[in-house]
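Lettered A, B and C in written order, each chain numbered from 1.
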Amino acid sequence: MSNYIPTIGVEVHVELKTNTKIFSNSTNGYGEMANSLTNVIDLGYPGTLPTLNKEVLNLAIKAATVLNCKIRREMHFDRKNYFYPDNSKNYQITQSRTPIGYDGYVEIEVNGVKKRIEIEEMHIEEDTCKSTHRGTKTLLDFNRAGVPLIEIVTKPCMASGEEAKAYLEKLRELLFYSDISDCKIEEGSMRADANVSIRKNESDPFGTKAEIKNIGSITNVGISIEKEIERQSKLYDNGETFKPQTRRYDDKIGDTVLMRVKETGNDYRYFPEPDIPFVYVTDEMIERVVATIPMLPDERRKLYIEKGVPEVNANKIVQNRSLSDYFNELLEENTNFKIASNLLLGDIAAYLNKEEKLITETTLTKDRFLELIKNMEDNTLTSKNLKDILNKILEDTSSISDIIKSSGIENITDDSAIRDVVRKVIEANPGSVEDYKTGHDRAIKFLMGQVMKESKGSANPKMAMDILVEELQ
Amino acid sequence: MKYLNKSVLELHELLKEKKIKPIDLVEEAFENIEANKELNAYITLNKEEALKQAKELEDKEVDNVLFGMPIAIKDNIVTKDLLTTCASHMLDNFTPIYNATVIDKIKEKNMIIIGKTNMDEFAMGSTSRTSYFGAPLNPWNKEKISGGSSGGSAVTIAARDLPFALGSDTGGSIRQPSSYCGIVGMKPTYGRVSRYGLIAFASSMDQIGPMTKNVYENALLLNAIVGKDDKDLTSAEKEPEDFARLIGQDIKGMKIAVPNYFMSDIVTKEVKEKIEETIELLKNAGATVDYVDMKYLDQAVTLYQVIALGEASSNLARFDGIRYGFSAENPKNIKDVYFKTRQEGFGTEVKRRIMVGAYILSGDNAKVYYNKAMSVRAAMRDEFKRIYKDYDLIIGPTATTTAYNQTDSIDDPLKSFMDDVLVNPANMAGLPGLNVPVGFDSSNLPIGMHIIGNDFDEAKMYQLASYIEKTLDLNLTPGGEK
Amino acid sequence: MDDKLSREEVLHVAELARIAISESELEKYQIQLKQIIDSVDKIKEVEVDDDKMLIANWSKETTLREDECGEMLSPKDVINNAPRHSGNYIEVPVVIGEES
């Protein structure tokens, strides 16, 4: 297909991680009993007025910073008027004239090619309540009403589902790392809509737009956009046109389906919110917020690789925030970072997964970890032995060397002891010795295995190999 | 026994000396209201609770001048556990589960809420005739309108049912009925009084204010209800002050401006002459009174129509029959819930204003009308500020006429706006405005003077108003002795 | 200039305002809304600096609220005032496929 040029813009709503709602002091929570997290403000009772949560402004400033946006210093809110049962006042308080962030960008990489995704604007607004459809009724739960959101709107600058997917992954990583949002798509704390159009040539005007709403996962964003490009291409190929429309992605059929054709533009009757005076963002506020931004994923990856961590490991560590924070603590130390990363992503990760623990919930302090790395590096401890004592390492507080000693699996580093074992093995396997001498390299691996077996895995592998080669001469 | 014809200070002394009890005042207020039932000043009476509260107060120390005083509350101010209807079918079964901040404040003073007063539906009107519960009647002449929208509060004060009432003023709704009923009504500076719990009409203009039979008592009630409120971001942060502190001081050297527009042909001859007489009085007392030209005043009604109705169409969107209030019976679908609830729940004036508001904000109209109006509004405020560089206060008539017949202009959609032509500008500029009675027309209907102050200059307005009140010494009790 | 709005114009604003209107009301509104709108139209003629705008006479900037939880309503309070409810939920006739 595609002899068309696709143009894609993405709008993302992200719920902010605050204690309370944006315009009232009721709890911002998920999964609680229906209508148990509300007050008269959230419900739009007559006479009630909004107040503005300081933390919302802080997190929005933070988001604007990590998204490289310019930050507006004087702003107000606006009312977006539309009737809908999930909208308690039948207007939503949002920012249309003065979004807090504008002219930002996020850098993505698709198939080794870097690209800047430009962010048109990001603004603060309130979430609506949650509707559940049951037969002829719709049930309303206002716990979500008034949860703070930021909406991030890109320019129509993406050219494929892959790019959109990469953008969303990047966005999620950034917002999650900066403690702005949980970014849990399945719980609705991050929601994406995509606008898709195609055209024949770069010089043509943009084609008719279809908006794909509320896509359930980042993967599906990629798929649904590709499907939509395919659908539009077929229509144009057949000489057909279509009206601007809203579609949704149906996971079961793996394609987008029509929700409604957009008639004339929505008439939201925006006007400035008179209940909330101007909000000013000062240098001090920005400085204070910026100081709380932790090292971001890109920088972490770069540092890890510089320290000798394989790229694949670096990426994996960054995917796990607590592991990455833990790893960052090591960076100033002089240690073997490759081994450190292998340890963390291998047996330790498996343990953490199984026990449903964070690395910080184990007894593996930085010093003990450094000791562990050292023991691995000088072969005092083998991978096999590590498995036997891992639980102790992660649950005890005694030093690694004490654990190794008391476990009786201390590496045999005594030359004569190893030599005894090696000689025994050579004696018992004359065939393999012969094979080795006639140039069959594989034989030495077999013999080495026998040495380790005979020593119950406790021989220092490097020493054992050296002695084996020596004895075979 | 009759106590409520006495001044609040006298009553306070009697209460302090335990010569009377709060319940005496409460019972008398209910007797008065019962005797004046025909005036239809109230939508809901709070009798049981008020008597209970009065009893409870007997054991408490009389610690402030408002202690035990009966007060009436306009029915668009939310009262916990007490029906709050906004004079609308939409809320005729609405019992709030929270209090407006002003209610908390008067309760702190141990004032006793006697009832909720009649008004124009959702405060939309200038006659109180749009009330779902029928219009209140003017105590000076029952054929006449009370004015509005705070008609019930003005009527109950004029009729001397009780000493205190709260009203609300979006485009003149405290001052204009105060003028028609011959009482003192203050719309404070925007932000002076918390709007939390005032059912919003036009959020950028609404203010709650005191309505009383005299200036001093008005200042006392204002003292009690002002202050920054964490629940209202638009409430102002100001040092506490006694608004009565300048009352009694002479007005020599005070500089007063009279905008020519306020004394133009839009005002009837009788009203104009009475204002001119009062102006002479002020000059004689040593005040400077200059007639001045002010731009944009003639735009106030237009501005009001754009901004107030635009905001109102949004503010009243929440009345949809889903979370509270009236809901149309047996809706077939969600459309019915909205369309029928709002068709049946709102009266004609409200629906008309909401639709005009929606029109004004719709599509490109928002730019043509709303943005333009905000610019004119800024210019109007600048114009006021220009005058206040040289003058202390601005005065003029409160209303262009005296109270007119209940049956006049009932179906004229523009009349109610025009009634407020002189009082709208203060709301537009966010300035305080006050009505003080200055005399009567040939039919013995009250005429009021309007005093507009600079931002947060209420004390000076009371100073001038009390001078006028004292000097004129009018008999302001309808059909009776003072 | 027409002395009334068209039926479509009135129906459009009624739709925006979610107010059902009867045939007789429609005719009345065609005239009355037009009267008010004509009056409002005068604003277009006013000469003024368009850059300045007054949203409200705010005396100060927004004071930000600390992010601390306060009292909330019980689900019972929430549904008690609602005309239609089911369990802890407020209920409306089914809403699907419209804008959100």
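A few points about this structure:
We adopt the following convention: a contact is a pair of C-beta atoms (placed from the backbone, for glycine too) under 8 Å apart; a residue touches a chain by one contact, two chains touch by 3 or more.
It should be emphasised that the depicted structure is a prediction, and the values quoted were computed from it without experimental measurement.
With every chain reduced to the mean of its CA atoms, the largest distance from chain B is reached by A. Chain closest to the overall centre, judged by the mean of its C-alpha atoms against the mean of all protein C-alpha atoms: C. Note on chain placement: the centre of chain A and the centre of chain B lie 57 Å apart, centres being C-alpha means. For the pair chain B and chain C, the distance between mean C-alpha positions equals 24 Å.
Work out the mean CA point of chain A and of chain C, and you get 41 Å between them. The residues of chain C that reach two or more other chains are 16, 18, 55-56, 58, 60, 62, 65, 73, 90, 92-95, 98, listed in rising order. Counting partners per residue, chain A has 40, 43, 51-52, 83, 85, 138, 140, 267, 269, 272, 274, 276-277 as the residues that reach two or more other chains.
In chain B, 94, 97, 203-204, 230, 233-234, 313, 317, 320, 322-324, 334, 338, 358, 362, 374 are the positions where the chain touches two or more neighbouring chains simultaneously.
Across the complex, chain A meets chain C through its residues 18-20, 24-27, 33-40, 43, 51-57, 76, 82-86, 128, 131-142, 259-260, 266-267, 269, 272, 274, 276-280.
Residue ranges of chain C in contact with chain A, taken from their complex: 16, 18, 55-56, 58, 60-62, 64-75, 78-79, 86-100.
Taken in their complex, chain A has these residues touching chain B: 40, 43-52, 79, 81, 83, 85, 88-91, 138, 140, 267, 269-272, 274-277.
Interface of chain B with chain C (complex): residues 94, 97, 189-191, 203-205, 230, 233-234, 236-237, 296, 299, 301-303, 305-306, 313, 317, 320-327, 331-334, 336-340, 342-343, 346, 351-352, 354-360, 362, 368-369, 371-379, 381-382, 413-414, 417, 429-431, 455-456.
On the side of chain B, the complex with chain A involves touching residues 77-78, 84, 86, 91, 94, 96-98, 100, 195-200, 202-204, 230-234, 310-311, 313-314, 317-320, 322-324, 334, 338, 358, 361-363, 366, 370, 374.
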